[in-house]
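You will see two complexes here that share subunit A, one where it goes with subunit B and one where it goes with subunit C.
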Partner chain A sequence: MNTSKPEDTPLSHTQVARRTFLKTAGVAAAAATGIEGILAARRAPAFAQGTKLHIVRWNDFIPEADAWLKKEGMPEASKALGAEVTLETIGFNDLQPRITAAVQSGAGADIFMLYYNWPHLYANSLVDVSDVANAVAKEQGGFYGVFEPSMKVGGKWLGMPHSIVGNAIAYRKSWFKEVGFSEFPRTWDELRKATAALKKKGKPYGQTLGHTFGDAPTWAYPLLWSFGGAETDKSGKKVAVNSKGTVDSVKYMTALWKEGSDEGGLAWDDSNNNRAFHAGDISATLNGASIYIVAKRQKDKLKDEKGEPLYLDIDHALFPLAGAVGQFPLYFSNGHGVMKYSKNQKLAKDLLRWIHKKENFEKWFQVSEGYSVAPTTEWEKHAMWDKIDKPLQMFRTAARKTRIFGYAGPSTAKSTEVYSKYIVVDMYANAASGKMKPEEAVKWAEGELKKIYEA
Partner chain B sequence: MVIERRWKRWVYFYAPLTLFVIGTLFPFYWMFITAIRPDHELYRSWRAVTNTPFWTLQPTLAHFQDLLARTTFPRWLWNTFFIACVSTGISLFCGLLAGYALARLRFPMAGTLGTAIFVTYLVPPTLLFIPLADIIRTFQLGNTPWALILTYPTFLIPFCTWLLMGYFKTIPKELEECARIDGATRFGAMIRIIFPIAVPGILSAGIFAFTLSWNEFIYALIFISSPERKTVPVGVVSELIRGDIYFWGQLMAGALLGSVPVALVYSFFVEYYVAGLTGSVKG
Partner chain C sequence: MTRPIAGGSGGAAGVEAALPHPGTSRPARVERVLENERLLATILLAPTVLLLGVFIAYPFVMGVWLSLSSTSVGNPGEFVGFKNFVKAWDDSIFQMAFRNTFFYTFWATIFKLVLGMWLALLLNRHFRGKRIVRAAMLLPFIVPTVLSTFAWRWMFDPTFSVLNWMLFKGGFIVTKLPFLSDGAWAMWCAIVINTWRGMPFFAITLLAGLQTINPDLHEAASLDGANGWKRFWHVTWPLLKPVTIVVVVFSIIQTFADFQLIYVLTGGGPANSTHLLATYAYQLGVATGLLGEGAAVSLFMFPVLFAVVWIQLRYLRRLEGA
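Up next, the complex of A and B:
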């Protein structure tokens, strides 16, 4: 009895020709219609057998989001695309060395996650994904304003906008009520009063001014912008930091630091404020939603002084507070870049299309529970926002006013250098620590910025 | 007199020794106590009256269980062990031959070459990983243990060569010359006379090389991408730190378990190791 399966028998010329035809037709169809055609045909395109696609992303703050991608998202994408999609997650700080090594050697992952304005840094190594980006933007209500200066270089989308991770001030509702604030302070002056009163009770405000990738810059830049300060003029070639607005903001920071803040924050990294908040050492801090989410996830372990679950006493307030010229946050603007050295560039673009297809993106979006905001405005209307906890609902529209560093000029590699050297953060730290007077700190920052922008 | 001697012994010996032991062992104690501390204590305020930072009354193995169940830590441990052993073996072999040649053979520029080899050890991996990535791609070794096994010797061989070269220089030439007078070839004298005497030096070079391979981070991060092929230093950091959320209990459990093999290697060979650092033949 012949037990061999049909595919085990040697192929005849006719069969080979048929398969070859199907493969060619499949690739041609996919090329012509992209992911739409693939999904409409309900059949995976016939990419060369064993085609692999490697995507590298950060370790998501929400582990469930990574778990969904690994267990459901990427396997589904593999089926839809007819290729084996491998997702690798690594730490945020480890992404740059990986991208650098990949670019230099011309080998590595096909797609890398990109942050802020990284497409400007790797412009020569990234594929133009304008066709994908424009289609998604058109279908889903347009990208938030921050993405154009971040991910568009020379009129081309070199990064496909993916999401925005917003931050806000997590605060203890009952403690602020104790000092007369039933709601979180709305202005910088009110914050100064409230935190001064709280510090006297041993519950200071917690803020890092260390060299951290998240919490320190996302505090310092919005503070600068809120008081009317800017790194450069609109051309991006003339340093404009030494202004009344900047000096006022540094003076404010110095006062807030001494009167209302935990002064150990100069040495904090991104995790210290989380721990201090959960431990009840600080009354409020600028952070993503991770403080609230961890407190809720560990409600049996994290309790307030009354023995109640801590998360019930946490709320979020919009940051920055009302200043002289407005409220402009600096959020993580995240995207994906297809690498030029990739042999599967078309397939990589198809994966991006698959990720951003509404029904696929929706699943990931919902798992993230508001921690990651979608790149387009249409998702503000999604029903998820009404179902998630109230403290997380404020992230719904939070991304509207976010800016990118380099303001008031364009966001370029030079502005990334300023960000990477923590010059704006150090300007505030130098004054807050008492190392320099506010005017001296601004003068110092002006000198450092000139070395970069005007060199 | 006796009282004075005892006083001096305490001040000049016991007190510094105690401080040294505390300073050396405290990080391990801190790792251990954090690894067995329950979560609610990890989140307790430093200012809380119930805070007991240096001990815990409710030890738990939950972090170890989570580490072993939720990550592929045993696999990372095996990967690290395999890569460290093979790269140490390759480096020791090359270091032995190069060290002997530089210490014993007379050829032009021997001294300069020895210094040049040591200088290559000083080139930081943060600079070297870019050209090495190109080589790894050329040989299609990316995401395989061989990417690390073949790149670690770039810093291990110079180190072993330099250390063994110094050690060979402390072995009297006369021992080797006697063997050669008795009819041994240079190679025979090297194998039968010099290498047995140099065992402490070889072991200490091996221990150092093993430790350097075990703890290496940047090459392991760049050249390995699959989670199941990662080494302990990269695996622990990439899986247990999520943005600003650090899983401290599991991180410390991973660091503690990861340091056990190195501690075992040191404890088995400590006498050779000390002898290797202090010289070979005592006069």
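Up next, the complex of A and C:
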């Protein structure tokens, strides 16, 4: 009597079980052709039934972008990948605690959003995603220069570049006109003059120098670089911050603070300037496009003093300004990292491929309306840029010249330590608040940087 | 048949009636085991020891190990001796956080003690609605710290502060007060919030202590001509001292290790003016991934807190002996 169960019987070429065939074929197709093959076959790959993939991102400053991801993007990805993709969005300051806990316990989300140069910080815990990154870069015109020092570690892409949040100075056109500037000031000196006049009218410039991860460093680092200052020399091992350029930039900041800025900015977080601008308390501020986009989307609520929609009086100007040694911004470069502890690394990479497939990325990109710029240059040619409002069009090429902290040396975990300790931001804050003279503030920063870079 | 239970007095409560039932061998074995005092004590203490071991001892030992290693996120690191402690001691931000922690703890504890005592004395009196007032007083203690600190942050907001608005409308100020944008002001704001949050704990505990004081003592002192202050100083205070010491020590421990309030209110800014050891340890360990250095900074709290507890225990033992 044959007591063996059907699955125990060796399969002949005519006896291949349907499920086994699908599984083998699906895996082979996915392995051979990646997401392209999956999509071409119009069939989800055969990942084990009930496979789940967990991705954690920030709460987007453009809520509609998250809404699209949750309602359309991830459900479509789930269908395409044959797995249940769960997107979790959390506060931007909560990402690091989550990543740290996940890495140390070896359990957590499969994919985390990564800011700036975090792949250097979590290098031992991230999967090499070079295959995904190189394919996307090749297909879409190459990544912007900031991504290589930020997300490539030891020649490997440990973060998959996703987007750049460009920033610019959002300003009230009519108010600057009132003080003689029909266009936004082009140079640092002109900015100082204009804001001094505006502060006298109770409409100061708004800038945070607080301990907040976005607007404070994106102001402080470009100010340092544009005046010729740098944290270190090219080797990254010798601190070079105590220079004439740095001292000049701190002196400039101190004067701008007293003469033209809202001095409450020392305690602002990343959302204070949005609220202050919408409330008509400040005349200009460095920000992403969210001030304009929110003002436009809430045009019935956010009005100027004449009762007109506020967004009509808003325009954007390039930051940093001209007049020093150059104009070098620090934009917010974002990516995704696949965690080494994940049991679904291949699936996670497939999700990244799916996200960056042109027709999928395009939908998210358009919802963002210029707030988030794509990681590759080809998207500068996208038709969306001609359709969106003029004040948003400047973000089209915004990402071209952005730098990452650590300059003039390489961007490493040490430069992240400097950034996380807010040493460059506090150098300006110490002088602007009057706690230290500009030279003393620079010397203080030099001492702190030496303990990190030269230790 | 009756037999006395181990440790029983032999009276009614200490006598067990043996119930005749079949298969008594297992219960009898259990009884024998339970009659063994050492074994029973071990069984009863085991869950507590396990909980303390898992949630107190293990994290503490891990913390000590981390502080002596170069561990960073995702990197097990190696033993580096006291290098992390030396680096922290030489770090100007650490030095500021260290000073701030003492300043913050000292003033917040003083205010909580004085105001808590005052509130407890008031609530110890009889008046209409006393129960409602006592319950309402606990609100700051009940509301999650993060939520209440957010509310305070709005009140101290550099742009939209309701306090500034009221003072301005009332004609008391002409320019905004720099509640959170000036380092010194920000520190005092944090102390005010900590006092507001912690005062109910002082008040309710001291109130419980006040209610154990025999009213006859006050009556006798009154008959002897003692006024309110003398009755407080010579009757209330000596009897309340043990409770006060315990409350103060608890408060010092909690305030010294405070994290949530500063993290939400200022993030340690402006320019590190409000950083405490806990917030700076978090910044190093989590934001920078330097778990070893973060653990070293947080362990600087240990000797201080250990000294506080030791002094308290010695003092209480002396009071008991007196």
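Just so we're on the same page, the second predicted complex is superposed on the first by the 438 of 455 C-alpha atoms of A that agree within 3 Å, B and C clash if a C-alpha of one lies under 4 Å from a C-alpha of the other, contacts with A are read in each partner's own complex, and residues count from 1 in each chain.
We take it that contacts are C-beta pairs under 8 Å (C-beta built on N, C-alpha and C of every residue); 3 or more make two chains touch, one makes a residue touch a chain.
All of these numbers come straight from a predicted model, not from anything done at the bench.
Chemist: Quick one: classify A:F328 as touching subunit B (first), subunit C (second), both or neither.
Modeler: The answer is neither, since A:F328 touches no partner chain.
Chemist: Please work out whether A:D281 is in contact with subunit B alone, subunit C alone, both, or neither, and reply first, second, both or neither.
Modeler: A:D281 sits against subunit B and subunit C alike.
Chemist: Does the superposition put A:D426 against subunit B (first), subunit C (second), both, or neither?
Modeler: The second partner, subunit C, only.
Chemist: A:Q104 in the overlay: touching subunit B, subunit C, both, or neither? Say first, second, both or neither.
Modeler: Once the two structures are laid over each other on A, A:Q104 reaches both partners.
Chemist: According to the stated criteria, A:D215 is in contact with first (subunit B), second (subunit C), both, or neither; which is it?
Modeler: The answer is first: A:D215 touches subunit B but not subunit C.
Chemist: With both complexes overlaid on chain A, does A:W385 touch subunit B (first), subunit C (second), both or neither?
Modeler: In the superposition, A:W385 contacts neither subunit B nor subunit C.
Chemist: Quick check on the output: what are the common subunit A residues between the subunit B footprint and the subunit C footprint?
Modeler: Overlap of subunit B and subunit C footprints on subunit A: residues 97, 100, 104, 275, 279, 281.
Chemist: Using the touch rule from the top, collect the residues of subunit A that touch subunit B in their complex.
Modeler: It comes out as residues 54, 56, 58-61, 63, 86, 88-92, 94, 97-98, 100-102, 104-109, 202, 214-215, 270-271, 273-275, 278-281, 287-288, 290, 294, 298, 301-303.
Chemist: Mind listing the subunit B positions that touch subunit A in their complex?
Modeler: 38-40, 43-48, 126, 129-131, 133-134, 136-137, 142, 218, 221-222, 225-227, 237-239, 241-246
Chemist: For the complex, which residues does subunit A have touching subunit C?
Modeler: Touching subunit C: residues 96-97, 99-100, 103-104, 121-125, 209-212, 262-269, 272, 275-276, 279, 281, 413, 416-417, 420-422, 426, 429-430, 433, 435, 444, 447-448, 451, 455 of subunit A.
Chemist: Under the touch definition given earlier, write down the residues of subunit C that touch subunit A in their complex.
Modeler: 72-75, 87, 90-93, 157-160, 176, 178-183, 186, 266-272, 283-291
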